[in-house]
Amino acid sequence: MQKTAGLIKKRALELLADGTVTKVLGWEEGDFIYDVTPAFFDKETIDSLVFSSFCGSNLSKYLIKACKEQTEGKILVFLKPCDTFSFNQLLTEHRIDREKVYVVGVECKGMLDIEKIKALGINGVTKVIDNGESLNIKTIYGEKTCERSEVLLEKCTTCKSKELVVFDEVLGEKAENENSQDRFAQVAALEAMTTEERYAFWQGELSKCIRCNACRNVCPACSCMKCVFDNIQSGVASKSNADTFEEKMFHIIRAFHVAGRCTDCGECSRVCPQGIPLHLLNRKFIKDINELYGDYQAGEEAGSRAPLVNFTFDDAEPSVIHERGNS
Amino acid sequence: MYYIEKAKLSELFSKIAENRSLYLPVKKNGQTNFAHWEEGTEYCDDLKTVKSAKDHFFPQTESLMHFKTEGKKIQINQDKIPDEKTVLFGVRGCDAKSFKILDSVFMSEPQDAFYTARRENSVVITTACSSPDEACFCGVFGVDPADPKADSDVVTWFAGDKLYWEAVSEKGEALTEEIKDVLSSSDEKEVEEEKARISEITKLLPLNNMSLSAFGGDKTDALFNAPQWDKLSEACLGCGSCTFVCPTCQCYDVRDYNGANGIQRYRCWDSCMFSDFTMMAHGTNRPTQKQRFRQRFMHKLVYFPANNNGEFSCVGCGRCVARCPISMNIAKVIKSFGGDK
Amino acid sequence: MQRIGVFVCWCGSNIAATVDVDAVVEAVKNEPGVCFAKNYQYMCSEAGQALIKDAIKEHNLTGIVVCSCSPRMHEATFRKTAEQAGLNPYMVEIANIREHCSWIHKDMKEATEKAVILARAAIAKVNLNAPLQAGESAVTKRALVIGGGIAGLQSAIDIADAGYPVDIVEKSPTIGGKMAQLDKTFPTLDCAACILTPKMVEAAQHPNITLYTYSEVEEVKGFVGNFNVKIKKKARFVDSTKCTGCAVCTAKCPSRKGGNEFNCNLDTRGAVYIPFAQAVPNVATIDTERCIHFKTGKCGICQKVCSAGAIDFEQKDEFIEEKYGAIVVATGFEILDVTKFDEFQYTKHPDVVTSLELERIMNAAGPTKGTLLRMSNKEHPHDIVFIQCVGSRGNTCRDKTYCSKICCMYTAKHAMLIREKYPDVNVHVFYIDVRTPGKNFDEFYRRAVEQYNVDYIKGMVGKVWEKENGRLAVQGVDLISNRRIMLETDMVVLAAAIQPSKGVRNIATMLTASIDTNDFLTEAHPKLRPVESPTAGVFLSGVCQGPKDIPETVSQAGAAAVKVVGLLAKDKLVTNPCTATPNELMCNGCSSCARVCPYGAIDYVEKEVNDHGKREVRRLATVNSALCQGCGACTVACPSGAMDLKGFSNRQIMAEVDAICR
Amino acid sequence: MPINENKEWKPLIVAFCCNWCSYAGADLAGTSRLSYPAEVKIIKVPCSCRVNPMFILKAFERGADGVIMCGCHPGDCHYSTGNYYARRRMTMLFSMLDYLGIDRQRTRVEWVSAAEGQKFAAVMNDFAKTITELGENVKLGDLRCKKQQD
């Protein structure tokens, strides 16, 4: 990790120096190791560019605005394998301009979740040293250790791919996707429940929603100029949820709007301050699409036709929903 | 000073709950938040609730009135002012201070009837913050996590196997009187030790020594056009997680909902970070995320003190530090204006 | 705020007997925007319309709701009424309180409540209506006729006579269709070829008609007045400009095993063939599946014997793209595959034939040169049994539910012709009903019974089997005498159901014309618009719309031609104003809408927008309103809701939902 | 709505019908005097592909107990492909509702042609029966839309 961080900074400097790019989109160091912030850098500020096991955030969405503002030269962006899918999807939807971006793919072996570290009872974290397998954690209450695998970001425990699907060059050592769990196991577990159990589960989760819109605003697929939920003319606009219905409405429609476009980058769940497993909504759609319309991975191929703007003559009838399931 | 054995906490809670509704930190779905206590509810000693205690006085949504049409006539019904007698237990010092800040907004003229009623009907029991987190910086705003007397009715400490109890206001005295049966008298020895321990820990907190000298009611001109805002705001997603977990953010929107029972007028939290905040027919007065971002921090560190005798609208609870999806927060803002010197 | 008038129609007692129209008027008076409400006996009557017009003027109405019959019935009427009173016609909404309410509910209270709710929904919608202006589009003055049978030919000739160019696309090598295979026609018994071939020649020689035989429609784009059609001219491997139709090649072709479709495969033809002597164009075609040259690369006899040098093995399929203003579908029919009806031994015994096969057997150009012979031993038959309704009027999965209409008459014709020519042959007809409505039809049938002594037996045949003597045993029921009967016969003729041609489904899809469950093309209105498809600019001619005989086909073909001519005579067409329209400030330029548009009506432009003072160039969707037909697929594909549909906007539909769920 | 003592509880059913096939099918049901429950209220849309999932959720929000969408049979869409998109969209939406624990029988898609008046009435009778048996929809509705008991 340390080595990759070094490579990244070196490469950013070189590309800035030789004029390949005019600015760099990466992660800026914070007060603690885990609080890195996405940031644009130039020659003067590049010093604070970092890369660590806490660079979970997906930078691709920032390119929408950046591409619009970029008049000359290219933007260097560091993308992890899963981020490249989002990048491709944005290309498909004409939201970003490939010509204006220089993609440096960064190999990744899974990013860490400070919340999971704290859930182990490790408080007051001031520094985390990633040894590859285990972590050395410095806290104001003394030193602690834990296994790396215990505190992976949720999205990294079910990593969909270690392949970089788009890049101009690659840095770091390719990681194996060996320990990743079945991406759809949690969805399948929910499907196996009775209707009432599922209702209780989602009622419990969604009622935590405070409608901060972090899930929406971080989502690379949710990049509408104006979201229907912010548009008073849309008939469904709402702010804080005043009724449990509004929570469901917001999350169902959001999941529906990104269905077939969601690359399963997992950012929605990562950023939810209330810890709602929002990815399980999106993954349900992905699972359904795979099962009913054939395997499809959004963002795997730029320009591919999303399943919900596509059809075949012999698609399953909606009654298939009635026919399957156990309850 | 009184005490009760930790093992007998539930006795204390049921005693309090005899005449009042008790709210305290409860862990549910992996998260600790304030919740209504009932027989069997398990108290969670993790005081760092995800959402702040402000929800208790200023809920996320609140119905204000209803309109009903009958033919072409309209009938207006005011919603009932809440009259539930409540007790909040396990409030951190920082959160307790936030109530004072909210008071100066909602209880100054024109008074907010809903907020005021809830506030007046409640007793705040603070608990000394036994394990501050690395992101805590309440000291910067004058909160003493070891002895949060300033803004509470009763202060409590967990020390050894006891909970120590000290009433510090009339309301607190009255409550203590009501429940005295379950309490025993005590000296302050263990409490003093605990206070000292906490004070030692707070010295280690990396953000607790930031300086606010760059901020204050008179700093509008100096800060408004500062170049730092560009960099600080550039990654901001414009979500409202910081505002919604913040104990002092108090913006709300008033909306009408046209349902089957006529129209409900309700208020709900709003966030100055949202692109549709204070949206008007002509558009918004802060069209860029930089403007919105600047507004939030200028309000907390400049405009609010300008209108409230120098009081900052932040209590250093650290929630925004923990919750911001992109790890941008008020601490970074303070530091970028020289606060780390 | 709109000023809305609500007009509740009694429809005589059709509505008023079940819906309390006074109560509806009272109930809607307090709805938002409503400033006038009245009921009347017949709103669609002159007086009713006058009432609406007066109210519009007197109360300055900006929108009206008519609570009446289905909008499919009178929406156009009331739109016109509104327009005459100076109101935009799209400020009219209909609450369907007849078909969707009074006619299906009996309880007055229940029906009245529902009528009020439906009215409320229409009021809620009209509150959000905006005046719409229909656009205009030009008309390409050329017609396409798909199918070169009698229906297609008649339509084409009539259109061409009116002065408009017409192209006929026929999938087989010659025009003429099924009628060319018929021997005689009922009820006049004139020879089919004698009356058809002059029409074929007329079409071929008409200066306004272009024939594309051995061709198929590949792709249809566009819309009424502006269809873009791609036609595939399949390679014949014979240069039709050189071929003289001398038929030397067809005689010399050594590959002679394959069946001759024109004679219902009762005899064979060469791999290079001319379907029949009077074929138009009289040009040979090589069947590559049978041609030895195409299979082995050898042979080439036809090329050697052709003195005109017309054989061209290198010929390729040719594609023609043409613009049309109107399209006539005249794809005709085919005979139901009767192999599923094997209780009649059709697949097992050559003496069991379909009526069309019998037609060929009786025809002088047929496999037996017009002599009635048993196909098994080429001997003269003495008894013939006709079985009616094979595959028609049934209710099992192998049957068609409908009556094929023509069978009763052609069976009478066959029976009569046989008895006339071979008085020694006994003819028995098993029937369910004999249906003879038509000019001179019943007289014709009675002649068969009375004059020619044809034995009509009411009842169905249970089974047919071969006897040891090679003859056929027929077991049936006589429902009149109520007894089982057993007949021994030499031939059995099955009056097989007719069904639309197989290709019609594909053509209907290309044309976006709807078809019913039997694959017959649907007419825009079963009574009032019987020759138009619901898709504007597409017209129906002949059996593709439903079973019919030749005179009916010809009259429908003429009617379709008149509709086409009426359309082509216009210089401009008014387009549907209910089209999709994007909100530029909300459009993401993501292309989702364009991907689902069936008309290719959505394009993208780079355009500068002013978003509340912020100017920037964005990629934006634009809708060609001449192409857009207003389906709304794009509106749902658009996540931001930037794409909306005029006349059916998100807000309008949601307002209806709100009004209903209140 | 809780069962009122003097009034039998009746469901509220919203039916979205495409203009070309299903609305005409409903007309035919009317012309043929084939009755189905008055609880069914039809909203006309140009094509089933015009039905936005938001409309369906909106209906539930407002207290609908069942929502049915009818369109032309696949292959018969007046706009040629509209119902194919609608089919995928509704399959996805209904699957999600089911996943969230909303009774799946509350949503339905039926293809009804202009000639199928009989089918239209039969479908509506059956759907209304199903919804009546399921009872009031309490899982997916805005409480503020519930009628107050007086």
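Labels A, B, C and D are assigned to the chains in the order they are written; within every chain, residues are numbered from 1.
Criterion: a residue touches a chain if its C-beta (ideal position, glycine included) is under 8 Å from a C-beta of that chain, and two chains touch if they have at least 3 such contacts.
From a predicted model like this one, the values you see are computed outputs, not experimental measurements.
Each chain gets a centre from its C-alpha atoms; the one nearest the centre of all protein C-alpha atoms is D. Set side by side, A-C and C-D show the greater C-beta contact count at C-D. When chain centres are defined as mean Cα coordinates, B lies farthest from chain D.
Centroids of chain A and chain C (each the mean of its C-alpha atoms) stand 52 Å apart. Rounded to whole angstrom units, the spacing between the C-alpha centres of chain A and chain B is 30.
Annotation: 46 Å between the Cα-based centres of chain B and chain D.
Residue positions 53-54, 58, 62-63, 75, 81, 85, 89, 142, 144-145 of chain D each touch two or more of the other chains. Counting partners per residue, chain C has 596, 637, 650, 654, 658, 661-662 as the residues that reach two or more other chains.
Under the contact definition stated at the top, the residues of chain A that touch 2 or more other chains are 228, 234-236, 242, 308-310. Chain-to-chain contact here is organised exhaustively, every possible pair of chains being in touch. Residues 30, 612-614, 658, 661-662 of chain C touch chain B in their complex.
Note for the complex: chain C touches chain A at residues 585-592, 595-596, 604, 611, 616, 619, 637, 639-642, 650-651, 654-655.
Residues 190-191, 195-203, 228, 234-236, 242-246, 248-249, 252-253, 255-256, 259, 281, 284-285, 288-289, 292-293, 307-313, 315-322, 325 of chain A are the ones touching chain D in the complex. By the touch rule above, chain D contacts chain C in their complex via residues 12, 14, 20-21, 23-24, 26-27, 29-31, 33-36, 38, 41-47, 49-55, 58-59, 62-64, 72-73, 75-82, 85, 89, 113-115, 121, 145. Across the interface of their complex, chain A is touched by residues 53-54, 57-58, 60-61, 74-75, 81, 84-85, 87-105, 107-109, 139-144 of chain D.
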